[in-house]
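This is the structure, below, for whatever I ask next.
Chains here go by letter, A, B and C, matching the order in which they are written, and residues are numbered from 1 within each.
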Amino acid sequence: MNFGPLIFLGVLATFVASWWGLVFAPQLQIGSQQPAQVDAGIYPTRRLGLAEQGREVYVANGCVHCHSQQVQQDSYTFDVVLLSGGTNAPDAVAKVIERVAPGVNAKEVLAKASQQSPQPLLSNVTQTVAADVQKALKATGAVAQAVFIPLGPDIARQWGTRRTVAADYLYDYPVQVGNSRLGSDLSNVGARTPAADWHLHHLYNPRTVVPGSIMPAYQYLFETRPVGKKRSPQALTLAEKFAPKKPGVDLEVVPTSEALQLVAYLQSLRVDNALFEAPSTQLAPPAAVAGTNAPVATNAPAAANAPK
Amino acid sequence: MNGSPTSPVSTPKPAPLPTREEFVAQIDASCRVLLIPIVAALAWLLISSILALVASVKLHSPTVLANCAWLTYGHTRPAANDAFVYGFASQAGIAIALWILCRLGRTTLVGAVPIAIASLFWNTGVKIGLYGIFTGHTTGFEWLEFPTAGSVILIASYAVLGICALLTFKARRHAELFPSQWYILAALFWFPWLYTTARLLLVWFPVRGVMQVAVNLWFANGLFTLWLSSLALAVLFYFIPKLANVPLHSRSLAIISFWTLAAFGCWAGFYRGLPLPAWMVSTGMAAAMILLVPLIATVSNLWLTLGDGNANKPPLLGFFKTSVVFFALGAVFAIFAALIPQLRLTLFGEGVEQLTLYGFVGLALFGAIHYLVPRLTGIASEKFIGVNCWCTFVGILVYAGAFIVGGMVQQPKLINGSIPFAEVMNATKPFIRIGTLGLVLLVIGNAAILLRVLSLVREWCRACCAGCCGREAAANLKLKPAEAAR
Amino acid sequence: MTKDVKNILHDDSEPTAGSGVVYLPMWIVGLLGFLLYWGCNYVDDRGGSFNELVYAPYRSTNQLASFLPTDETTAQLKVGKLKYEQFCAPCHQSSGGGETGKAPPLAGSEWVTAEGPNRIIRIPIVGLKGLIKAAGKEMDLSMASVAVAGVVSDEELAAVLTYIRNSWGNKAPRVTLEHVQGVRKDLKDRTDQYTVEEILKLPVQVP
């Protein structure tokens, strides 16, 4: 029997099956995904101008081989915070608080809640426990809220406030998720280190801002030139050991347009909102508490976050 | 010479064949054109390892040669990777696959001239591709960095090579198929589909957003599991029983290993933590585990074949034995990399990649080249085999080993959010330094095999020119005494 | 190791794989079966039902929806609609339009959209009879007490009332649990229905 065509058919079938399952089916699902409506508008928005050009500089220099752009998340947990003590007798409310949140000084929390909201009650509990506490306190007239908190080492390092999902890469081409973390993850670098100056120094010589860094010095993105009549306002302020020297000439280091584009791109990288498929730390609008017009405060994730 | 050789035309009932040695010599003579891709491949191998060495040095001493844009890690690393896969592994793999098809089919190579031209164009494509990477015209997708110009030339050259391979296969005189032929046929079909689909969906009519990650990883996994692994497995399945002088231990195990690889190989590739929907990631991880089946089937089959053989085994078998071991290690480590959180993102991921590329694919191809080139050139020589063998073996142990161990040290630090990243980065430095030492050994080993092949070719050319006045002199090549010192 | 020249170039025969009966080693088939079973379970467990919105570590879109911050009103509307369909729609209709001879309309009814919910909390608890004018229609009917304490809880009643006050074009502040609790306490001992005249004498705001 001539097995040649049989092998060909079998190979074709298995290959097409994998293409169908891993390329075609996902394309049907997420291939035409549109930006989502979130509180702040639509997400994501296209990069424009310098940031878009900077993206091309990022790709051309192969930054993806050391830096990833994917925030990972291990799990999640809930905190419970007290928004308001309500109008009932504080003793009754305090008794309930003591029952549901044993580690907390109930009277102190109630006293503080009237001035500053929210006050932490419970930390790192399950969704059911948080809901029960919320209900128990609601019966007394106090307002407690469960706060959703994503957990993971990436989130603890502020590499993002939540995991990244398909929506985050909608307008990226090519998507640079990377598969190597020789350098830090860059998904949220625009929120983490927003200062352009830091980035410029880091690009010129990473050792100036991160001692012991293994990142290459991208000095060809900068121009080292003699100082003219006046020092350029864009010139980098470099310490003695990092500054270029030439006998008898005063030198300054000025970023080229490529460096500025790259920095604009880095500043545009943020993952600090919440999506339906990737919830983040957020506080619900409190139940209509008579008389208060206090704005809703969101819990700062970094302090409350202990990775499991 | 006794008997008159028949013309190598495919006929249903062949005329009486010449002696075994003469027939084999004819087949090998027809395959001489394969020296072009082999020499070119080895040159790319050396270039790739030098670039990898530069990249590695840049990681622990970033101030060295800092002003040269071309030499930054972001340029040298992808260039080294692509030069290895497209310049060396694919080219040498195709060349050896063609020769194996000839030998197993008991037929001569079809289309020597188109193959020669296609090989030259292939190298042009790789050159253009690498130039594109260095000048920043990369596509940005891993293992697909060549700009369109280079990739189109690669596809066109491959088409010619693939057609010649199919014609050679069709011209076979021995009907029964051996496992190597299955793997080669499959690989020859898979590669163009993988490559053109990936380029279509990523570069020419790009899909949107994170779908690019899915296609890219599907392609990268296919490149390793279906293309390179298939070529290397074809080599192993061919040479291990041949050199051990026993039949393959179990044909049915080979059938299972082939079809499970075909069925599940292209489904793996997604690792834990990717920004892809949960079903895609978990499917990829489940498939990675199921790949244990072809792994165990193949390794046990080959290992038992080695055990079956008699005591007197040629030393060249060492290349293939080591290749099987690295195949097993690489596949098992790859499963760990897919399942353990963030392990893929550490040095471990790169270490496993290099272990598979050099340790499994590289050693298999080296062994095949060491066997093949003396027969193509007719020069009997064992020059530099030892240098190549030991430098590659120790080099890959040191290089990949350092990265794998480094990754295992880096991973617990990486998943502990309270450890500042600077500390994680510092922990990698000693391992990268050790890796550089391993790469130095690999460069030496690669130089050795290139020099070996070049010297054999040179000897052959010299003998050819010396005897160009008479064909009888050329026919006596086989008995020319070996020149290297023992 | 023999270094004879002929040995280096002399070829062994091509490898063979043995033909004849192909027997299948059972251990590898068993391993394949086990891994396939494990794989299916794995994807079933973590695959999020192949929903593209589900990313690890989440398990389903229901779970994701439960994480969303919901305000009280949205939660009430959901429950309220359910209970309305169960208890009220048979007479007042799902469209809130009522039915002549059966029940007055709720859509656009000034009773429903009054500033405070005092009257409309009392009506389902003890009932109402008499000539009622609502949304331009006049009907002389008798409504039994529907929201009996054991049948409809305080939360559910508050939810239904919030629902009717915010549906079919109606817009009015929600009815809270406290409102309902206060009224129920007030009506603890009462068993007979309100008459229209009597209830119109009560204030709209809950005392």
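Here is the rule we go by: a residue touches a chain if its C-beta (ideal position, glycine included) is under 8 Å from a C-beta of that chain, and two chains touch if they have at least 3 such contacts.
Being a predicted model, the structure only gives us computed values, none of them experimental.
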Pairwise touch network: line, ring, star, complete, or other: complete
Chain pair, A-C or B-C, that carries the greater number of C-beta contacts: B-C
Most central chain, Cα average position: A
Separation of subunit A from subunit B, taking each centre as the mean of its C-alpha atoms, in whole Å: 40
Where subunit A and subunit C are represented by their mean Cα positions, the distance between them in whole Å: 32
Between subunit C and subunit B, distance of the C-alpha-averaged centres to the nearest whole Å: 58
Where subunit A touches two or more other chains, by residue: 26, 29-30, 74, 163, 165-166
Contacts with two or more other chains, residues of subunit B listed in rising order: 273, 275-277, 283
Contacts with 2+ other chains: residues of subunit C: 52-56, 58
Residues of subunit C touching subunit B in the complex: 1, 3, 5, 8-19, 22-25, 28-29, 31-32, 35-36, 38-40, 42-43, 45-56, 58
Subunit A residues within the subunit B interface of the complex: 2-4, 7-8, 10-12, 14-15, 17-19, 21-23, 26-27, 29-33, 59-66, 68, 70-72, 74, 152-157, 163-184, 206, 210-220, 305, 307
Interface residues, subunit A side, partner subunit C - complex: 26, 29-30, 73-76, 127, 141, 145, 148, 163, 165-166, 276-279, 282-285, 287-288
Of all residues in subunit B, those that touch subunit A in their complex: 58-60, 62-63, 66-69, 72-75, 77-78, 133, 136-142, 169-170, 175, 177, 182, 185-186, 189-190, 193, 197, 201-202, 206-215, 218, 222, 226, 259, 262-263, 265-267, 269-271, 273-277, 280, 283-284, 341-342, 344-347, 349-350, 414-418, 420-422, 424-426, 428-429, 432
For the subunit C and subunit A complex, residues of the former touching the latter: 52-58, 64-72, 174, 176, 178
